[in-house]
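Below: a set of structures, written as structure tokens.
Two complexes come next, and they have one chain in common, chain A, joined by chain B in the first and chain C in the second.
Let's turn to the complex of A and B:
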């Protein structure tokens, strides 16, 4: 198991390097730079600014310079939030995104599994269709529709929760964003779960258990374990996405998380911020893929056998 | 008493020498007070300078500073703090993007380009409370420029000790009505009352909290829930709702901003005055202002927007009052004269703009209006940064959208956009000797009345030449809770917290 883990970590490092290099050079292909805004700067002032931020050096030199500071764990100064370094921006934003994301994922896993189980257990077609229908709605209705509706309902009509803001993470301010983030995930997990359970329950070994007169809950516990792998595979990617923040949810609810930095970094050509977000997401995706593989190996003996563990 | 104030975004920096946007300007006005300031109506009032005299040539200003002016840590504020700040603004190593606004100061431009040492700057302390400023040449708008964020004083000790980190809440020393308590990007910026401010007894607010709210619809919902008491925009798609249900909170006033379509006057056919004039005449500005912008824009017929006191009513395009059909005929005639239309070439125009729903809708409407003149129009929208980078690099183009908001309320701050030597901001690359001479004469003119007349001539010349087609004049669109007292609509859209109080 340790060897499996170490090999994966060892391959992750060159992958990360390729991602960094590609992003660094691709980013510079976009027209314009960090100092282009509605008001064109005086040419000599713009030249001066490029010099201060070392953007007047050859691109390759800038790349090596970036790698060197990266080796020290320094992501550089933000070119838009000019009073902050990228490290400082992430130090406040990442914990917030991770908190919200973790709560949303937990909610989604619990509610999604429960709904999926309910769907698979219901004998009549009503239960199945109900879950099917609800999940299709949950997947299809976009976040930018759900979020304003929740704000209108709970904030403006009922006055039970704040419409937006973070307020240092007060629980009232977390309810609606967590719900908005969790809803589509609940729908997807419920659907995956239901499909996987239905599939497993029809397998010969399950029929055998039933024929032996095993109690129903016992059968479902066995079925659940066999049905988990596809859900777990999906969860890895979903977690990497949700934990690194959602720009739409953050913008609508006014949450100071990571999501907005992806978009504003790119739109404002804040090169260091873009690189920082790319590194964070890439690292998160690699990390969660690794976790998924480990969990799958633990769940499924066949995977362990194939991986030679 | 706390003012919860919604803004369109975060300040990029709280360092007055790194600031660029209106959002930053609003916040810096609360933190710092320069030699002059604005009252609630946006009029100039003495700030840290109690009084001043100007020599007859109009180049030497002698400011007497308030003896009771202090920094937020209790330190005395004197002429030295201004000298320090102006030198830092011009130092090439600071990289101040807006340094060129104050190139009016003697030797400023040369210092900023590294050709002269910092101490050559025309600013010096005559004694602890007397500041002398010498200008490169007379500039009748200089006092108005001093209200800009580039002209704020800085607390030398903390800036020297912490360098670029002097803007952190733990280090920042300010001299305005408020001081910095907290700044979390994308969340909020908290200011608290500065007890050492000379007029602190009259400041009612204990705190002012700025929220960065980019999503206008979400901001509207937060405003309706009472979470913010003001916001400086409305979602245009909900304008009817706002007018119907929030009429007493919705404040629309003219502002000092102009919405242009610049022609590339360097190449054919846009080097031809007749073509530019015809295209300008063929647009129904009322339709665009009312139907596309929901009445939050004013139809634009003058280059300088109305509302500048020293300038009076601006000049207007000669065809403003002509009825639309006659205008259309005249436009067709001008195009035919230039060789376009029936029997001639087909005029093709490409409009470039930064992507946004309203800019696109505006361009679509214009394409439709130009079609009547026999003009074929293509639209090209790009992201904002690409668009502005394009305007900076300026490869040949046909027509490009851009806009301009005054840095200081003076007609010169608009007309200079068409000066030949204004490399960075002359989108149309307009070069006209008569115009440049008028602008130069106005600069040297000491009589305000004479100067006004010369600038009016210059504006009339621009309206006749139409290097930049004026489409609309901006209006401010604020949501202001009726509980907010002391808030007054003004052309600068500047609302200092020192005059605000909140009714229970």
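Let's turn to the complex of A and C:
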């Protein structure tokens, strides 16, 4: 298990390095800088600014400088919010986004599994069509349509939940964002779960269990374990999707998380902030994929075997 | 001969009368595409024409202006040109009597033209030394099927124009992804060995990442130009295509006709172009039906954030963002673009599902 873990970590680190390099050089290719505004700055002031932010050094030197400060865990100063470093901005934003993302993933896994189980158990036409329909709706109605509709329904029409804001993480403020993030993932997980369960239930060892007269719940517990790998391996992608969705959700619901800083940064050409977000997001996705791989290896002995353990 | 042709597009066989979801979604897509292509020509409005007198009008089938709108418009014109107006007459032309303290300058009648409700006024009679004018004012009939937006632009036309952009981006970006993916995958698969391993390792590395962030970074770096949007989207969405084509190429290059071509001295480029790539077309077409909705969604996502298509041009994402901002009071601004986007995505999704199912095992 340790060797498996180490190989995965060993592939994740160069990936992260490539991402950092890619985003760094892309940003520096960009025409127009962070100090371009409608009012042209005095040349000497502009020169000073460029000097302070080390923008006047050769590109490679800037890159190594950036890498060195990254190694210290320093993402640099924000170019737009000049009184803050990116680290300071993320210190408040990251916990909020992590809370939202984790809750959304948990909701998606639980609800998706339950729905998929329901679909597989109700043998007939209804269950299948319900899951099919739900998953098409879940995919076809994008996050940025679901969010305003939920705001309209629960916020403006029923007055039961606030339409936006964070309010230090009061639960009322979390319900709609979490639901918005989770809904499409619920649809996909339910579909995957149902397909995997149907697949497993037709296998000979399941027939054997049934022939032995095992109670239904016993059979389904066995089937669930065998049906988990395809669902678990989707979770890596689901995490990436939730992170992507959180950009939209945080913008619409006015939540001061990473996604909103990313949009502000992109609109305001705040290089360091955008790079910081990309790096944090990429690291999060890589970390999550690592966990998914470990869970898969734990669930399925064949994965461990193929990895040479 | 038959063996070598077994890779011909199997997907079209799926469009049989028995496969009704596929038929329905194909018809819906054709209808939407046709509507987006031809609709703006017959809607009677330009997508960027502003009707200042019709801001946030609700959707309706009947023509504007209605009686209340006419009354308030007449009142406001009377105030502007400082006359008293008594209006009468029903139907297409209204007879109005203008009355003022001083003689009325006929040039002030241009105010009627400038309004979006009336056509140019004609003087029917003059009286009381020019202090009283009788004029005929034809009504300008306009229909706003989906209502208007906050700037007074016809939403129906805008939704269709947005559809053109969204569909165009969907197809063009898919084409970019297709070109990159097919080239990359075919080269990797045909070269094999260490080159293949290295190229596929690179794909795997990028595969795990959330693409949106890279699209946004690309758009942010290179500007928000229309062409760049689909170039950026295409540049991140080619990975699956490369994998599929590589897998196909690996099996195709074992075939006898490739060996024959090699024996005849064909260059690797010619073999790829003439023999390998045409034989991968089946899975490529099947995967395109999955790719196009993904690309459309991605474009609307980027546009929603204000980083994509810019005003006055528009796409479904821009319109949905607009609708989300005006959600209190003017729900039609959200509903119509969302409906078009959703139906298109659902139809494409069903189409893709149908093709995948017809192909048997899934695309990956």
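As a convention for this text, the second predicted complex is superposed on the first by the 291 of 309 C-alpha atoms of A that agree within 3 Å, B and C clash if a C-alpha of one lies under 4 Å from a C-alpha of the other, contacts with A are read in each partner's own complex, and residues count from 1 in each chain.
The rule is simple: contacts are C-beta pairs under 8 Å (C-beta built on N, C-alpha and C of every residue); 3 or more make two chains touch, one makes a residue touch a chain.
Just so it is clear, the structure is predicted and the values come from calculations on it, not from any experiment.
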Is A:278 touching the first partner chain B, the second partner chain C, both, or neither of them? second
First (chain B), second (chain C), both or neither touched by A:148: both
Is A:287 touching the first partner chain B, the second partner chain C, both, or neither of them? neither
Output check: A:303 vs chain B and chain C. Expected answer is one of first, second, both, neither. What do you get? neither
With both complexes overlaid on chain A, does A:219 touch chain B (first), chain C (second), both or neither? neither
Is A:114 contacted by the first partner chain B, the second partner chain C, both or neither? neither
Thinking of the overlay built on chain A, is A:295 touched by chain B (first), by chain C (second), by both, or by neither? neither
Could you look at A:48 and tell me whether it touches chain B, chain C, both or neither (first, second, both, neither)? first
Is A:84 in contact with chain B, with chain C, with both, or with neither (first, second, both, neither)? first
Let me check the overlay on chain A: which residues of chain A are in contact with chain B and also with chain C? 30-31, 148, 151-152, 156, 251-252, 267, 269
For the complex, which residues does chain C have touching chain A? 205, 208-214, 216-223, 293, 297, 300-301, 304-307, 317, 320-321, 323-324, 327-328, 331, 334, 338, 341-343, 345-346, 349-350
Which of the residues in chain A end up touching chain B in this complex? 30-33, 35-46, 48-49, 51-52, 80-84, 89, 92-93, 148, 151-152, 155-156, 159, 162-166, 250-257, 260, 267-269
Give the list of chain B residues in touch with chain A in this complex. 10, 12-15, 18, 20-21, 92-93, 95-97, 99-100, 112-113, 164, 167-168, 183-188, 211-215, 217-218, 221-222, 224-225, 227, 382-386, 388-392, 402-403, 423-425
Touching chain C in the complex: which residues of chain A? 11, 14-15, 18-19, 23, 26-27, 29-31, 136-137, 139-142, 144-145, 147-149, 151-152, 156, 236, 240-241, 243-244, 247-248, 251-252, 262-263, 266-267, 269, 274, 277-278, 281-282, 285-286, 289
